[in-house]
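One structure coming up, written as structure tokens, with questions to follow.
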Amino acid sequence: MSTLTLRNICKRYQNDNYAVKDFNLEISDQEFIIFVGPSGCGKSTTLRMIAGLEEISGGELWIDGELSNYLEPKERNLSMVFQNYALYPNMTVYDNMAFALKVRKMPKKQIDEKVQEAARILEIEHLLERYPKALSGGQKQRVAIGSAIVRNPKLFLMDEPLSNLDAKLRAQMRVELSKLHKELGTTMIYVTHDQTEAMTLGTRIVVMKAGEVSQVDSPQVLYQHPVNKFVAGFIGSPSMNFLDVSLYRGYDVENQKTYLTIEDHPVYLLEKTARLLKEKGYHRSKVTFGIRPEDIYTEEGKEANPKLEYSEAMQVTIIARELLGAEVMLYFDLEGIQFCARVEPENQTRAGEKLKVYFDLNRIHLFDMETEQTLNL
Amino acid sequence: MEAIHNTAGAVNLKSQAELDALHRVMNAKAKRKKNIRTGGLLAANIVVAIIILLPLLYAVSVALMPSSELFTMDLNVLPKQPTLENFKNALENVPLLKFVLNSFVVAGIITIGQIITCSMAAFAFAFLDFKGKNVIFMLVMATMMIPGEATIISNYLTVSSWGWLDTYQVLIVPYLTSAMGIFLFRQFYMSFPISLYESAKLDGCGNIKFILKILMPLTKSAIGAMAVYTFINAWNMYMWPLLVTGSEAKRTVQIGISMLNSVDAQSITLMIAGVVIIIVPSISIFIVGQKQLIKGMFSGAVKG
Amino acid sequence: MKKKPSLLERTRAYGFLLPCILIFAIFLFYPFFKTIFLSLYKTNKMGQAKLFVGIGNYMDLLTSSSFYNSLKVTLIFVVIVVVGSMAIGLLGAVLCNKAFPGIRAFSTAYALPMAIASSSAAMIFKIILHPSVGILNKLTGLNINWVSDPKYALVCVAILTAWLNSGINFLYFSAGLGNIDESIYERASVDGASPIQQFFHLTLPGLSPIMFYTLVVNIIQAFQSFGQVKILTQGGPGESTNLIVYSIYRDAFFNYRFGSAAAQSVILFVIVMILTLVMFKIEKKGVKY
């Protein structure tokens, strides 16, 4: 049960370097917020400032309407799960989970109830007498989460909790965390560098780069309408294809469409896209063109989705093919840049063969070359 | 969505001026708390450090006192008229410099000798394959369990039967190796892949050259730690030199200094001056080598 | 791929071990067994075994009140020294665990006693404890002849030894503290544990593996204290500071009773050995993680 307001939060070091700069965010009750970004972007620092483990250099942190910048970690009534789990090596699993309650002088019986309850939720009842040394990575992870939930905290912080697990376990824990969030109904803030985790878990995602917030949105919006080239490239796997192109405008009266060229083929933009560009003063200039692998279609794909609006056909030579079970990735060069297209598994095109591809014009992204901001938004 | 508005509402209740004031008050409070913490820690450290160093500081103070100042009923923590006279007298009364030289020779050779023999043995244990390797290694480790007192009588009888009493070698030879050194070096060598040795061998590098040109440069921190530790211990040796040296010519500092101990009570200041003189080398080496010592010996020893 | 090492190679390996083995053999193994051998004999003044008495030397010791006194005094001494030196070392290590201005200087101060010889330290303490000019009596206003009073002499020697041994303990504990994962303290502070709770629940248990090691080393070291006794008290007054090692020294080199001294050495060795083994047994049981 917690709301959180971060206003112009900064982390500044002596030499005037900012680890985090002007971080603004409103978090409402029961949200599952993800901080995501490449390493060193300030996401963990922000989380640690919320926890009280790092001093806040500027701005305000409000927890439930109370200015909390200067509170000790223990006064903030939150729980945190650490990247390396931070289990107390000298205590059994039971004592690890009971520790936070013991130091708060909770009656023994009540502690026992809480620990047993948490152990049941996480299915670690059989591990209670073990020491952390005798646990597997996944079990340690559960104990760390268990130690955090026994306190029924207002706010639940997690710092890359799955990064030390193997891929299979990570996928499994992802599902469980999501379930746990629904069961507990607590506000959660979760830090990760893995965009898949971010997309699958978060109700809202904060994408950070070099200490600053790039975009805060739901996974859906973030994916479809990234505000800049960084977010566009960071979210989604495989990532978006980018190419620097020139914008043109047709001269003849019947065909005054705005277009860009890729390998001398014109790609005519939709009317609404062209209008947006014109409003922002971009015509006949160079821009960055971006398209996601799944928005590139083959002839068959195009026929299967007749309602979409497509660009003209573009002839490409496939240089590599990857079969990923349910889908096929095709790689080809456009103006020397490698593009990736995600196509239906029936497609049999092999390396060296030629193929016609089409772009979904509604899913084209255009970015300013300097500021990297999205232009057609 | 409602919740957001609620918080925002609560937050907005305060004007910017109120907010700034709140910030100032709370910031000052937090700063004070932090300062008290750091200050408290610092104060505790100063008190404890002074208590630990008290005997040494007092020794320096007494060494600088004219002996008349010491023999008063007043509290005389610091010398009122500091003088270097005691140091001069101490050096004149007993051949302190000779003792210092003896100790330097003995401790120096022991240190170098231990590094050589321990490197060789550790190399054999870590890289070579031979029959009885484990048994010999266990035997070497077992020597750590034998206290010096269990052997000192027999050793004394041995060296006296050899006519070694009152020589340099009797001070040096028994200490030319150490199980701890072998263990320490072996630990470091074991962290290198065996392929390091094999590829050196393929390049035509002999064993001795491998130790000198590859292993030793790679284990500088262990060698440094070992050197500091061994030198200080050799410098501070007491029981063995007491038993086996008789003449002034071969005495080490620790035994030599006890000669000042026996002179009359009036020369207490002189005796302490002598003690200060012989402590200076070991302390200097310790301070210079402390970082090495910790890096090479203790950080590894604990992880073990 | 593993081929049998050639004869030449094996000889070479033994060659590298030769210096160490030789020294260990001559100055550790041989005298160790010779000490056991001597303990079964009466010797002449040259230390030559003359008369086989079997366990006679041991029987003499076990019926001598002086020897029991030695044992008792040594035990009290070892307890004071070990507890004292470990407490001082731990205090220093805990105080120097967090970064603050001047930490380097303080940690040097705490480790410094390890660089000081027992004999030098004993001479300094002799002055500090001096009944008329010593600073201790002057500061406290007491008039106690510390080293000549059987009530205090042992404690004085023990405190001096604790001080001497505290330096290396500081280094052990500092290294031990450095090995405790920093993030468990962060978690504890989020969990709401006060610094004192953190010390007792995390720091002390976290040090327990190194604590056992340090304890063993300290006990062995304390049993071997000699220089400070020789200079400060010569085993007296009475026999109140006649530690076993000093008693061995006196029996062998003043009374020329090498056989009896050897028997005491063997008993000392057995005591240290048993203590060490017991400690390791306890450690195996006690440290579960």
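For this structure, a couple of remarks:
By written order: A, B and C. Residues from 1 in each chain.
Here is the rule we go by: a contact is a pair of C-beta atoms (placed from the backbone, for glycine too) under 8 Å apart; a residue touches a chain by one contact, two chains touch by 3 or more.
This structure is a prediction, so every number in the text was calculated from the model and none was measured.
Relative to the centroid of every protein C-alpha atom shown, the closest chain centre, again from C-alpha atoms, is found for B. In this assembly, A is the chain whose CA centroid lies farthest from the centroid of chain C. Centre-to-centre separation of chain A and chain C, using mean CA positions: 59 Å. In this assembly, the C-alpha centroid of chain B lies 16 Å from the C-alpha centroid of chain C.
The distance from the centre of chain A to the centre of chain B, each centre being the mean of the chain's C-alpha atoms, comes to 53 Å.
Chain A meets chain B in the complex at residues 3-5, 7, 26, 28-29, 60, 62, 64-65, 67, 69-70.
Across the interface of their complex, chain C is touched by residues 38, 41-42, 44-45, 48-49, 52-53, 55-56, 58-59, 62, 70-71, 73-77, 116-118, 120-121, 123-125, 128-131, 133, 136, 139-140, 143, 145-158, 160, 173-174, 176-177, 179, 182, 207, 232, 235-239, 242-243, 253-255, 257-258, 260-261, 268, 271-272, 275, 278-279, 282-283, 285-287, 290, 293-294, 298-299, 301-303 of chain B.
Interface residues of chain A facing chain C in the complex, by the touch rule stated above, are 51-53, 72-74, 78-80, 82-84, 86-91, 99-100, 103-104, 131-133, 147, 151. Within the complex formed with chain A, the chain C residues making contact are 181, 183-184, 186-194, 197, 201-202, 205-206, 208, 288-289.
Chain C meets chain B in the complex at residues 5, 9-10, 12-14, 16-17, 19-21, 23-24, 26-32, 34-35, 38, 46-47, 88, 91-92, 95-96, 98, 100-102, 105-106, 108-121, 123-128, 130, 132-133, 135, 138-139, 163, 166, 171-172, 174-176, 178-179, 210, 220, 223-224, 226-227, 230-231, 244-245, 248-249, 252-253, 258, 261-262, 265-266, 268-269, 272-273, 276.
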